[in-house]
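There are structures below to look over.
Next come two complexes built around chain A: one with chain B, the other with chain C.
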Partner chain A sequence: MDKILSIENLFVEYTVGKKIIPAVRNVSLTLNKADSLTIVGESGCGKSTLGLSILNLLPKEARIIDGKIIFHEQDILRLGEKELQKIRGGKIGIVFQDPLSSLNPVIKISQQLRETLKIHQRDFSDDKIEKLLETVQLSEPKIIKNYYPHQLSGGMRQRIMLAMAIATKPEILIADEPTTALDVTIQKEILELIKKLMREFNLTVIFITHNFGIISDICNKIAVMYAGEIVEEGGTSEIIKNPRHPYTKALLSAIPKTHKVKRFNTIPGNVPDLSAMPDGCKFHPRCPRKIEKCAKEEPQLKQKENRLLRCFNP
Partner chain B sequence: MWKIYFEKLLKNKLAKIGILIIVALILTAIFSPLISTHNPIEGNILERLQSPSKNHFLGTDEMGRDVFSRMVYGTRISISIGIIAVGISVIAGTFLGLISGYFGGKIDTVIMRFVDIMLCFPTFFLILMVIAFLEPNIYNVMIVIGLTSWTGLARLVRGETLSVKERDFIIAAKGLGLKKRRIIFVHILPNVIAPVIVASILGVGAAILTESGLSFLGLGVQPPTPSWGNILTSGKDYIHIAWWLSIFPGLAILLTVLSWNLLGEGLRDVFDPRMN
Partner chain C sequence: MLNNFILKTVNVNKNFCTGKTFFSNKTVTVAAVNNASIELKRGGILGIAGESGSGKTTLAKIIAGLMDYDSGEIFIDDRNLKNYSRYELSKKIQMIFQDPFSSLNPKLSIGTTIAEAIETKNKKLDDIAANVLNLVGLSGDTMQKYPHQFSGGQRQRIAIARALAKDAEIIIADEPVSSLDISVQAQIMNLFLDLKENLGLSYIIISHDLNLLSAVSDNIAIMQNGKIIEYGQSEKIMNRPENPYTQKLISAIPVMSLGSKFL
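Moving on to the complex of A and B:
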């Protein structure tokens, strides 16, 4: 298989005032052509930071301490601004969580699409723009292209975002919680659309979400993140059918089931304060299976059968 | 979108009055040769200091020139100085404000400290000082007024830029590979333009007032070129015997500044989402 993107030992820190907060710690991932990887985790586990660092789009409070992000044998983190701009939106597209605020409110849809196409020296004729809008299944592209973002619904705006992200036929699409801000029926439609685009454009997709429910039929790989680290990584079906890490188990059991009327399962406690991490395994204070060793020693990510696992007592 | 704003603006009675006066002034400025009844520069010395009459609507001045015609030509000077001076200050202020707000850091510090220094000087005296060194003519007046009034705008634009640049669509635009220049001018500029429009319209009134003040002090537009300010100056010596020489230019300045302010405030209400 063709290796297309690999993240190697990535460390990212945020500086808030004088506090230094590690957000991503020692994350390594590999993506092959046409893979679709989901990064799952609770809020604040560093999954969005990871997504943004792939395009070096981190806010200025964040700093990449160490690591490499290799895209076609180039380290993205060591590229200059010019080369980065070619990759951003050209080779790697990105869709954000909130389509309501990701479009410029004072610029027409057609103009925003045209900007992207123009930058990457593609055909930016009206025909091309209408065709793009059709690709993301917006009816009446001739009318919609002259609208301002506030005249469209959330789902339609997310489609526009997708159109912008795939406008230049990228190789990788990063979708940072693309359905979180949408209601459930629209979520389904957007996911179907992403699936369709994956097939059509032979896209490699990185999906960032906290919702296990939506990913099982879209991705072939899952990486579960907790407190800035990957705790379990492997094939989608293996992990969903047979989760080994206590955190993955807890996450999966927290998905509400419609046929049983009882309280939701929850994970006791909160994600640890990133600036005051517990010693040993980061999950041990909340873990139902903790043993003595967990509080003292940090487990390493190790190959166990068909997956990578970070646990002493799976 | 602009159509909606315009309709909303016309619903505001005061703004409507402002627009009417401004349109009338601009038409007067464009067609001054057609509207004026006499030559504004040359008068008949035998007809000096006549009070308003059928032949001289607003009377004549101490040189026997027709005040009405002089004021019509003066409109041209005042309006063009107001608009061009504001044009200069809008371009400078918006550009420096955008750069300062977007890049931050050292660039921001340098520009904003410079603005602070500029604001330490009373603007009018700063202008007086510069004009004292330069030749006082209409072009220098425009440039000097423009270059001393951009500071407030720069601060305004900087503040707006600071908030706009943190919004998601700017990160999204970066994610799509847009260059800094395009992000600043295509994505940020349209989002900060509304307060700039309001401030610049209000600024036109202020610039006209400044010009009149300078001309009154003899440092602005030089006679015999007519300007409301210098008609006023020559009028002050005769105020006891020829009231029309001071009253009419004074009224014209008052009305003009008032109308730009009415329009400016009308626009501010239109652009303010809380007013809807």
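Moving on to the complex of A and C:
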């Protein structure tokens, strides 16, 4: 298969005051053409940091300690700002959770799209802009292009973000919690739109979310992250039907069901403080299946049947 | 007849008027809550669902006495809401908000935050505060700490403790878990259920997550454009929704379509 992006042994740290917080530890992932991968995990597990590293967009407190991000045989982390600019928003597009804060409030929609097209030396005529708005299924593109962001609803703004992300016909789209701020009915529409764009543009997609529910529909691969590490990785249906890592199991069972319950299934305890992580397996203090070994030795991510798994006692 | 119900609203209305602004001199009236009638059973849970702008939060604020209403009647324990003093009402109803980051004063220690809510000259303030913190699963040394030292889930527990400090009988929770991670969501919802069992609390829970509501509520009210468009037992609403909008909401719930054994 056509390998398009591979992340190799990535380590990212944040420096907060005197504390060093390892946010991503030894993450490796491979994406083939037209793959759609979801990175799932709870807040603070490093999933967004990982997404931002791919475009080298990390905030200044963060530092990539080690690792490679290979995109078409080029290491993104070793590119200069100019070359990076071509990839960022050109070959790889990104959409974020909150479309209002990602759009400039005092510039018309058409102008914001034009900027993207101009930077990447594409056709930035009015026709092209209207066509883009049509592609993301906004009706009346002739009127909407003259609007300012505040005149649009949350769903429409996310469509504009998607239009910007695909304006340069990128190969990869990174979507970081693209529907979390939206109502369920709008969420469904945006997911349908992303699926349509995936087909039309033959996009490779990296989805970042904490919501298992939306994944099964859209992605063929899942990577579950906990405390900066991947703990389980494999095909969507294998993992959702038969989760092996205790954390994946617990996450799946904590999702509310559509019938009345006496109590919800929970994961005891809290996500560990990243600056003071437990020895051994990072999940062992909360794990129902821990054995003696788990507190002493750190499990490695190993191939087990049809998936990668980081657990001594699955 | 009302006795089974701790709270009842009859045809409550609230209109919002947009004022004249620099950009326009038209005023527009929006019916934020339109003839809303709901009932909350003693010791029960009523869920209110709807999309942003459907009026669910406005209705909650009206019931909690935080906002006036234009017409209609609200009864709490058979007594009209208008006959309650602010102090009496705060001992009946407490509200918990979505964002535990903005609902706690960052400059006050947790102990002070809770003591402030009790607002009596009672010397045993510390005991009460320690007791309610204990009820929500936090240790006594929490009292000396400040909000920034806690995670989202812990902050939401503190907000719940503050609501309990008044011995309120009804808790209105406005999207109490939507800013939390799934595993923390489950912990907080279980806390609600534990407190309901142990203290006999009644809840109105507002959420856009119908899955979550159907898992805990006896009854669900679906709101759209200020109106309650469907209202009934949660099993019935989830399994046999009648209103097309309810059907649309339910069909939009993301489901794991792979037949997971966890569903």
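Basically, the second predicted complex is superposed on the first by the 311 of 314 C-alpha atoms of A that agree within 3 Å, B and C clash if a C-alpha of one lies under 4 Å from a C-alpha of the other, contacts with A are read in each partner's own complex, and residues count from 1 in each chain.
Note that a contact is a pair of C-beta atoms (placed from the backbone, for glycine too) under 8 Å apart; a residue touches a chain by one contact, two chains touch by 3 or more.
Being a predicted model, the structure only gives us computed values, none of them experimental.
By the document's definition of touching, neither partner reaches A:Gly155: not chain B, not chain C. Contacts of A:Gly51 after superposition on the shared chain: neither chain B nor chain C is touched.
Judged by the touch definition given at the top, the superposed model places A:Ile267 against chain C, while chain B stays out of reach. By the touch criterion defined above, A:Ile240 reaches chain C but does not reach chain B.
After overlaying the two complexes on the shared chain, residue contacts for A:Pro256 are found with chain C alone; chain B is out of touch. With both complexes placed on chain A, chain A has more residues touched by C than by the other of chain B and chain C. Every residue of chain B that touches chain A in the complex is listed here, in rising order: 1, 167-169, 171-180, 182, 186-187, 190-191.
By the touch criterion given at the top, residues 51-52, 151-153, 181-187, 189-190, 193, 208-212, 214-216, 234-235, 238, 248-249, 251-263 of chain C touch chain A in their complex. The residues of chain A lying in touch with chain C in their complex are 42-43, 154, 183-188, 210-217, 236-237, 240-243, 249-267, 270-271.
Per the touch definition, chain A reaches chain B in the complex via residues 55, 57, 81, 84-90, 93-94, 96, 98, 101-107, 115-116, 119-120, 148, 161, 164-165.
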